Amino acid sequence: MAPKNSNIRLSFPAVCFVWQIAMIILFGVFVRYNPESDAHWPEYRRMKNFTDLENDFYFRYPSFQDVHVMIFVGFGFLMTFLKRYSFGAVGFNFLIAAFGIQWALLMQGWFHSLDYNDGKIKIGVENLINADFCVAGCLIAYGAVLGKVSPVQLLVLTLFGVTLFAVEEFIIISVLHAKDAGGSMVIHAFGGYYGLSISWVLYRPNLGKSKHMNGSVYHSDVFAMIGTLFLWMFWPSFNSAICNHGDGQHRAAINTYLSLASTVLTTYAISSLWEKTGKLDMVHIQNSTLAGGVAVGTAAEFMLMPYGSLIVGFFCGLISTLGYIYFTPFLEKHLKIQDTCGIHNLHALPGALGGVVGAITAAAASTTVYGEEGFRGIFDFNRVAPVQGGYQAAALCVAIVFGIGGGIFVGCILKLPIWGDVADENCFDDEFYWEVRVELIYI
Amino acid sequence: MAPKNSNIRLSFPAVCFVWQIAMIILFGVFVRYNPESDAHWPEYRRMKNFTDLENDFYFRYPSFQDVHVMIFVGFGFLMTFLKRYSFGAVGFNFLIAAFGIQWALLMQGWFHSLDYNDGKIKIGVENLINADFCVAGCLIAYGAVLGKVSPVQLLVLTLFGVTLFAVEEFIIISVLHAKDAGGSMVIHAFGGYYGLSISWVLYRPNLGKSKHMNGSVYHSDVFAMIGTLFLWMFWPSFNSAICNHGDGQHRAAINTYLSLASTVLTTYAISSLWEKTGKLDMVHIQNSTLAGGVAVGTAAEFMLMPYGSLIVGFFCGLISTLGYIYFTPFLEKHLKIQDTCGIHNLHALPGALGGVVGAITAAAASTTVYGEEGFRGIFDFNRVAPVQGGYQAAALCVAIVFGIGGGIFVGCILKLPIWGDVADENCFDDEFYWEVRVELIYI
Amino acid sequence: MAPKNSNIRLSFPAVCFVWQIAMIILFGVFVRYNPESDAHWPEYRRMKNFTDLENDFYFRYPSFQDVHVMIFVGFGFLMTFLKRYSFGAVGFNFLIAAFGIQWALLMQGWFHSLDYNDGKIKIGVENLINADFCVAGCLIAYGAVLGKVSPVQLLVLTLFGVTLFAVEEFIIISVLHAKDAGGSMVIHAFGGYYGLSISWVLYRPNLGKSKHMNGSVYHSDVFAMIGTLFLWMFWPSFNSAICNHGDGQHRAAINTYLSLASTVLTTYAISSLWEKTGKLDMVHIQNSTLAGGVAVGTAAEFMLMPYGSLIVGFFCGLISTLGYIYFTPFLEKHLKIQDTCGIHNLHALPGALGGVVGAITAAAASTTVYGEEGFRGIFDFNRVAPVQGGYQAAALCVAIVFGIGGGIFVGCILKLPIWGDVADENCFDDEFYWEVRVELIYI
């Protein structure tokens, strides 16, 4: 086999330019402002008898900005933990997200925001949030292949990932009429299994040669905590961002806040129990503390009750940390899945759990607990509760099938020897895609 | 004396599990959604003739998220300045806060949000803010003992700290009817004296043996600036978060913004004056620049006037910086109080000053300045201004007494030789509670 | 020539104290709360038939906080990239901003918020945002002289910068009635040329002696990404913060979001194309990715259309990155302008481009696209579109003239040998203004 060539000087700029120009053309043909962001708003507003404040912007913009921080700083810095791949972590995360949100606005727009009068996609702040959600799926997948793929591969992963996401989301939300406010299924289970499947196809048998680079140093672990904390703090905004106005957003924020708090304690407990002298492991603290936010996503808007949220978080911290301890090594050894960031334990599994929690709580919903009007407002499709629970479970299957199927398909494409990825001994090293300046030992 | 044993493999996970399970049970028995976060909101809303926007969520959620960032990133990163205790700083801060907010929701709920019809605590976004406020007191106390205690001790400190806080807050707010929007007294004076008293009881005579670890390196000081800046920037949200809707929140944000700006200039000036060649000291910049936010807390909602806020900030920067220069060494040498982060100068003293400022401005309040309705809105209890000023002063005394008394009590508990704290020569070192990986010199 | 003396022990504290006391006196004489932040709000509200929610605080406070983060963390951390000037970057940024916002409240207040009944400036949240905007101009200028000036010089630069800004802004906004929502002209073009002109006057022929300090290390580049990302993420809030309520803010956020996304792709593409093996350069990623936010500023509120925003971003990423590659060396070599952070490529040029984009789109505006009422709402002065376009172009000239003229004037003042700046061989080194502790090699 010829030695790997990581020179991407032609392919990478070419892909960036072609795709960005394609975006401009497609936006030119398809995308316009919706009535709330269009200059005709004053007339529209009068017609609808709205005040300026009832513009959706004021309901959702603060949450949007929090979600935006999670996507760019949260995911980006969470992956800076490797001693010498921080540029790639935060820099490629930035690239994926900036490209992905454009393609997501189009894909999701065709499915959900198309105005059939003029064939245009009409966008507003909710579309921006959904686009951020959509790239989250791809960023999760990036976590599984961190340090092992080229930026060109990442752009391909994103193009297909966003496409698959939009289709899967359409089936789950608009065909099955399942609820998934915080995207446990649509985002996390899908993104997790998508990334794991790609990593499985791209299995590198000699990755051990890069072992010395596959770890953290002291300050890179501190950088990663920036990512962890911004994800953790803003997760209530993530899960509530596109909920119903009023109690929906309010309750989703509370549920998520509680679930996350509970997760922290079990994560710390298990992390300490595992180590001989009770020390804590930064890998667990950086990742498993977030699992409660993932798992409470589907049910965030439901009447999960405060103690229900605590219970979800309790088990998620426990399971996720045990996943890092037992399951990640198992995956690598026996299933040939190399999962750099352990997304299985942070996204795939908690996402699936979240789908199950959602199905159960939906099946148990009643108008006694929700009130007539509240019930109709949340489960907007006209079904009895147990049937809704069944559809929720079906939705989870769709997410997983799309993740695994799509991941295998995209993995095969990414296996072609044309994408400029590095050799097994050069993984987890910024040297190959970034100008890293010569440094004095000057701390 | 037997050598210290810092192995917490049994005690720490046990405490985490027991307390988290207790939280779940207590939440199950006591905690429910309030009418604004409950699914019955559509009916409640119609009854009250509200629009969705008048859900308290939209008044307070953006401030809540800012406060949340202050608690987890602000306090966490502010304490990362030590060269080798950044994991402990940001990691134990995370743990304390995640546990504390749950216990605070219960404690504060029993005092303030109990629905006497069904005996349940009904929570909404304001409860979340108040829980964040409550743990702030414990995080302040953590600053005094940073690097010297075990995580088990920190959990005990938090359990008692939150309890004491809730009682003290109840007395100040609901018995004395004092005002303390930004918590100068309730949070900062209490938390500061609580931490200092604990540190006094836990005095380590041979702490000098860890002197080489009790300092910063270049990058740890930069990390700490992340904490400083997020605290500084979001302090207007902290002081305005639970103020009255409308002008109350608006004015509190302005007052805090101005006070903090003024503090920065005097801090820089004093820091430079003190050093022989006019150089600046990062310790002062990281900490004293925040003192103005603390001191303007009680009076934030009052008609302090923009110049009044500047004056408060002016003196706080000055006093706080001088505190770092003269008072911290004095405390250690003569009062046997080892205050790692100098919380005396950042929280205890400015908090007490803030109480005094609040008492004076309350005593001087008049309906000419506030308007009839404004006066009644802010000083909601029916008193003439000078009497209110007296009660404000009494409130400050309560906060300090609870801080000192509670701190001595809890300090005695923490002195028991069962908590797994490290020996004097092993302080300020992550090595003992964290897996710190072997590192190449790879900067 | 006598050797440079960087001792600022007398001058620096003296300036800080005198100016802060001056601020207190001027605020005492001139500044009061506006009706929305004054305790008389309940009466005012009833008179105007407003609800509490219609207090401008709720329209603008979340955006204000985002802008605040950009000023203090965004600008501050963006400049931490130098290996040994991170304290100066984040610390002097803090100082400039904290002083500048106070002076800006006064200067802008006299021009825009003076109540002619009582001669007082009445402030509210919009004034806070505008003050933040105003200091942004000075922080941009700081980027050009980073590492080469003393803190005293920076305070002088700020005093004059804010003054010039306020006059220029008054001419552009209130005399020419030009629109500049995101400040492409008022903030970025002005600030950019102001800084470049100062740097030109302060030209250091022997700066090469500090060459070894004028570069990054691995972790300082990661710190700088914190600045980049917070600027990038919150730029939609920056450009929409003072737009019209409703569709204005909504559309500005969307336009900025899209322009920035597009910029990222062309920046990455050009950065990779330039380097022999297609590697990426952190300097470009940290800076040029932001150019799209600058350039879309003036037109952010206009009906630029989503594809229009993408096009603006496309060309800005391209031009800005090429600027770093070709123009910065050219400026230094041939025009004797030493531009540490490359503000020419990030602010001056994209700002000027933004002014041009604004002029063209204003000239092309029509009531068909905007609606009668929308048109009047945005172009509030009664003009036909092409005339408005002309005035927009005139505004750009004003900004540039003020920037260059003011910069030369202030540069001459700063050239006086009394300000305590360091010698050419001591630039880019925190050693001279900060206590930098002796460090063990302990990473």
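Just a few scattered comments:
Note that the chains take the letters A, B and C in the order they are written out, and that residue 1 is the start of every chain.
Criterion: contacts are C-beta pairs under 8 Å (C-beta built on N, C-alpha and C of every residue); 3 or more make two chains touch, one makes a residue touch a chain.
Everything numeric here is computed off the predicted structure, so don't read it as measured data.
At the interface between chain B and chain C, two copies of one sequence, fewer than half of the residue numbers in use appear on both sides, so the contact is built from largely different positions. Overlaying chain A onto chain C using CA atoms gives a rotation of 120 degrees, to the nearest 5. Per-chain CA centroids place chain B at a distance of 33 Å from chain C.
In chain B, the residues that reach two or more other chains under the touch definition are 53, 58, 62, 84, 217-219, 226, 439, 441-443. Interface residues of chain C facing chain B in the complex, by the touch rule stated above, are 6-10, 12-13, 16-17, 19-21, 23-25, 27-28, 31-33, 36-43, 45, 51-53, 55-58, 61-62, 65, 68-69, 72-73, 76-77, 80, 84, 86-87, 90-91, 94-95, 98-99, 101-102, 105, 123-125, 128, 151, 217-219, 223, 226, 420, 432-437, 439-443. Chain A makes touch with chain B in their complex at residues 53-54, 58-59, 62-63, 66, 83-84, 212, 215-219, 221-222, 225-226, 229-230, 232-234, 236-237, 245-247, 249-251, 253-254, 257-258, 260-262, 264-266, 268-270, 272-273, 275-282, 285, 289, 303, 305-307, 310-311, 314, 369-371, 373-375, 377-378, 439, 441-443.
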